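The following pair of complexes shares a single chain, chain A, combined with chain B in the former and chain C in the latter.
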Partner chain A sequence: MKPIAEQLGQLTRLEELAGQNSPIHRLHPGAKLAATGVYLLCVLSLGRLQFGRLTPYLLYPVVVLSLAEVPLGLVLRRAALALPFCAFAGLSNLLLERQVLLWLGPVPVTVGLASCGVLLLRALLCVSAVLALAAVTPFGHLTGQLRRMRMPSFCVALLEMLYRYLGLLAGQAGSMLTAYRLRGGSGTGLPVGHMGSFIGQLLLRSTARAQRVYQAMECRGGFTGGSAAQKRPFTRNDWLYLAAVCLPCLAARAVDLPLLLGRLFVC
Partner chain B sequence: MHMSDALLSPTVGLTMCAVSAGALAVSAARVQRSQLTRQKLPMMAVGGAFVFAAQMINFTIPGTGSSGHIGGGILLATLLGGGPALLALAAVLVVQCLFFADGGLLALGCNIFNMGVLPCLVVYPLVVRPLLCRGLTPRRLSAAALLGAVLGLQLGAFGVVLETQLSGITALPFGTFAALMQPIHLAIGLGEGLVTAGVLCFVARVQPEVLESTQQARPMEKTASVKKIAVLLLCLTAAVAGGLSLFASQNPDGLEWAVQAVAGSTELEAEGAVQEGAAALQEKTALMPDYDYADGEGNGTSTAGVVGSALTFTLAGGVGLALAAAKKRRAKQRAAKQG
Partner chain C sequence: MLKLEHLTAAYPDGTKPVQDVSLCVEDGQRVALIGANGAGKTSLILSLVGVLPADGAVTVDGLTLCPENLPALRRKIGVVFQDPDDQLFMPTVLEDVAFGLENQGLPAEQARKKARAALEALHIGALAGRTPLKLSGGEKRMAALATVLVLEPTLLALDEPTAFLDPRARRTLINCLKGLDTAMLIATHDLPFAAQVCPRAVLLREGRVFADGPCRELLYDPALMEACGVEAIGADG
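Moving on, here comes the complex of A and B:
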């Protein structure tokens, strides 16, 4: 299990990526949220043995992440964290469902193997889609969209404060650790005898800053609604993006596109 | 206990999203109607941050080879009340889902229900609060924390089993799955109960009015300071983040352990009314039935399907590479122009 500072660094990394400027970043957060929702529903509604029909859905995360200039490796590494969990769940299918479904040459593909593969691919696609959303939409835009969707402002405010506090804690700890090391502290971590005062200082500073953050957010109208720049209607590009994602997803859901493609080459 | 999207069918996922959304709406409405002081909002956020940190740390369960992490529902519910605790936990789960791929987007409803609604809106008012209404002694706090944590996790684990079975994704029989999930989460619940008891006893000693106001459902006195409580929670957060993370267990969590245990056991027949019902439900939700891999009659169909899938894979990868190459070329041209 990685230290929390390292994991919170991933939050910062995603936030940096979300602040870039690309055609995908400039889209309305509502359009991106709706497209992700339709995509997830289409992927999850496929049957547990429909491995081939899942493959067209690879295009969405690949295209979106490429256009948004988000490193694919970063998303795949995050997605890989969710795969072992699904692999263990799929392992039961592998062992309990041993009827042969088809033969790939001399290699038998059982029902269990197919359903396990579908489970893993579904997990990869779903996690990639959600991470793609987080990597192209600043958190503030997402919460602004939640407000426009009439989510109680109290709940959105809590989400924003929690997000802020996580970064606050990690940032404060990092700067204090740097200061400690510059003053000749141990390079391999804090000695036990120093932990008490270090944590005490961290707490007092973080708590004071947290109170100021809360008051600053209130003064900036942070809990009353999104900024004026975020309140914009859907543009033509937003509708085009929505259509470009939803229509192919629904088409791939209705028609077995890989089968049609394969029939062009196999008699 | 975070469920992934891949383990759910859309029907189950959307239904649980609706149920959790309803519970969140009711909680938010109650919070806004009540005289929740502005001091408690930072407290909710700090509590959420602590639970967030704590959920990242797994503790090993002796003798099982598995590990678990606290849910935090009972702790937050006792400190803040059932409704505010549910809202704080929901916020934590949303952040975990979006940024850490811990739990799926469609599975948010299930995760909020299993780890939030059940402990905060069911176990807390029915079990924990009645135990504490007679007084906030260390013994009562410890007993309430242990009992609440164990019951909350048992119900949550059972929820995972039910939702997975209703989705019809896994071939694990209901009875076997439940028989493996419940005991492991009993051990996790005991661990969480001990942690929760420790925190609550400290709060009761340092700032008892926080707990008293929550138990009696009256607003805190404006002179009461939650700074100490916020300091404690941040202290625990920092200790968990900086110290305990070094000792975090690498063992699989309860759900993974349960499935591994099944894999090691003798073969079981997958049969039962729940399995059949789940299969029938999934057939109804599918617009088209499972495509024909053919059992000898349609070898051409299966081959075409495999070839088509491979081509689609290649196409998707090719599109990605082409886009990346185009971007690199444009970046080089821009750099050359500026140079």
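Moving on, here comes the complex of A and C:
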């Protein structure tokens, strides 16, 4: 039960953080979305062995979260949840690409190891950037902005429903597991024998719950979607933020900054 | 003001939780809907706003329930659901209270200002920035009430409003409801609560109106209440 409750707690914690009033929070959601988009494009477009070139991108989540007064540890912990899945994907690289790329002293670094490392770092950076965006922008503002950017309404509505359903599902699972344990269930987890009926019940209950939430929404006029979002033009600060994020990102994409810095110091 | 004529609601499986219900609620009148579990109280409330399909006529301030009038009718009837967790779905209480106003086309700033005022009116202004998931039962109930009151409905329909409340929160809710001049239809089996808030009671049994009259008469009549499947006030000694 603990991991589910913790996850739910972290989900609500991010929502609470998004409601803060730092200079980053006050920026236009469009500026933050565009900046994150450019950052993701730059990170994802780098080569599979360019580990060093990814390192300057570590600065973005650190700086944004610090300015927004959001605990870096909270975001990193959540981002780290994605790493096991990526590590699993990178496992085949380790096994199949064994040619030695370089030697770190007596330790050989294979192509597979380097590409796996790049994959993990890239995943950490991308998930951190998305979580940073979620932690500095209320979800309603984000979806409202996506609508104004002409993203199909169906996709945005799906995103909103998934986001809400996730919370409902986690809450329901937490209560059911507590009830299960209080009636003498295993302390170490849910036995396989009980898992089928548990998951079935969970889906049925959370669906019924989602239905009631939908009814409550309908009674208050349905979901027009993100109308709370800021419908204001970009200000000078928004443009400055966009430039401050995009220009260094594009520069780091065009030029090998770590190599340049290294040469400066060596020469 | 609210007029129900031969209202019969049915679930897709054919079950009819509400059968041939006719009643009127006048402006500012507070009416308790009393009945045992499964008597049709919640279904009646849901059928008022078209969430549960129903035959018969529902009229509020001359507006009849039909697909074309549904948005307008839902503005007139504010439904507070039994479980506040079903009602509070936005990231913060303030956004949740502003949700309905923004759906009505009010600019975000005005909606938030009005939402803040509604929270202050219920003495829960401090909850504005908090996430509904972490509120206490009483706070959630008051926040859910604020989400509906802010829309200034002409009729307030409350489903089991005292469920999950401790005595203090219950007292706060009673005082709050008694201070409002909005007409109310309150589904409950908390009879002392009904007696304190509502001058009139409608007893439901198996989806039909079983009795209709002053609370002070109906709720203290053991034989009548027993026939309705509910214990009369004072029946437990």
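Methods note: the second predicted complex is superposed on the first by the 179 of 267 C-alpha atoms of A that agree within 3 Å, B and C clash if a C-alpha of one lies under 4 Å from a C-alpha of the other, contacts with A are read in each partner's own complex, and residues count from 1 in each chain.
Keep in mind that, in the parts below, a residue touches a chain if its C-beta (ideal position, glycine included) is under 8 Å from a C-beta of that chain, and two chains touch if they have at least 3 such contacts.
Given the structure is predicted, the values throughout are model-derived calculations rather than measurements.
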For A:P84, using the defined touch cut-off, is the partner it touches chain B, chain C, both, or neither? Pick first, second, both or neither.
first
Which partner chains sit in contact with A:G171 here, chain B, chain C, both or neither? Use first/second/both/neither.
second
Between chain B (first) and chain C (second), which does A:E69 come into contact with in this model arrangement: first, second, both, or neither?
first
So, does A:A216 touch the first partner chain B, the second partner chain C, both, or neither?
second
Of the two partners chain B and chain C, which one touches more residues belonging to chain A?
B
Identify the overlap between the chain B-contacting and the chain C-contacting residues of chain A.
164
Chain C contacts chain A in the complex at 46, 49, 51, 71, 74-75, 78-79, 81, 83, 85-87, 89-92, 95, 98-100, 102-104, 108, 111-112, 129-131, 133-134, 147-148, 151
Could you pull out which chain B residues touch chain A in their complex?
2, 4-10, 13, 24-25, 28-29, 31-32, 41-42, 44-46, 48-49, 52-53, 56-58, 87-88, 90-92, 94-95, 97-102, 104-106, 164, 168-172, 227, 230-231, 234-235, 237-243, 245-246, 248-250, 252-253, 255-256, 259-260, 262-263, 267-268, 270, 282, 285-291, 293-294, 300-309, 311-313, 315-317, 319-320, 323-324, 327
Mind listing the chain A positions that touch chain B in their complex?
1-5, 7, 10-11, 14, 36-37, 40-41, 43-53, 55-56, 58-59, 62-63, 65-67, 69, 72, 78-79, 81-82, 84-86, 88-93, 95-97, 101-102, 104, 112, 115, 119-120, 122-123, 126-127, 129-131, 133-134, 142, 152, 154-155, 157-159, 161-166, 169-170, 173, 190, 195, 199-200, 202-204, 206-207, 210-211, 214, 253-254, 256-263, 265-267
Chain C partner, complex, touching residues on chain A are 8, 12, 15-16, 18-19, 138-140, 164, 167, 171, 209, 212-213, 215-224, 227-231
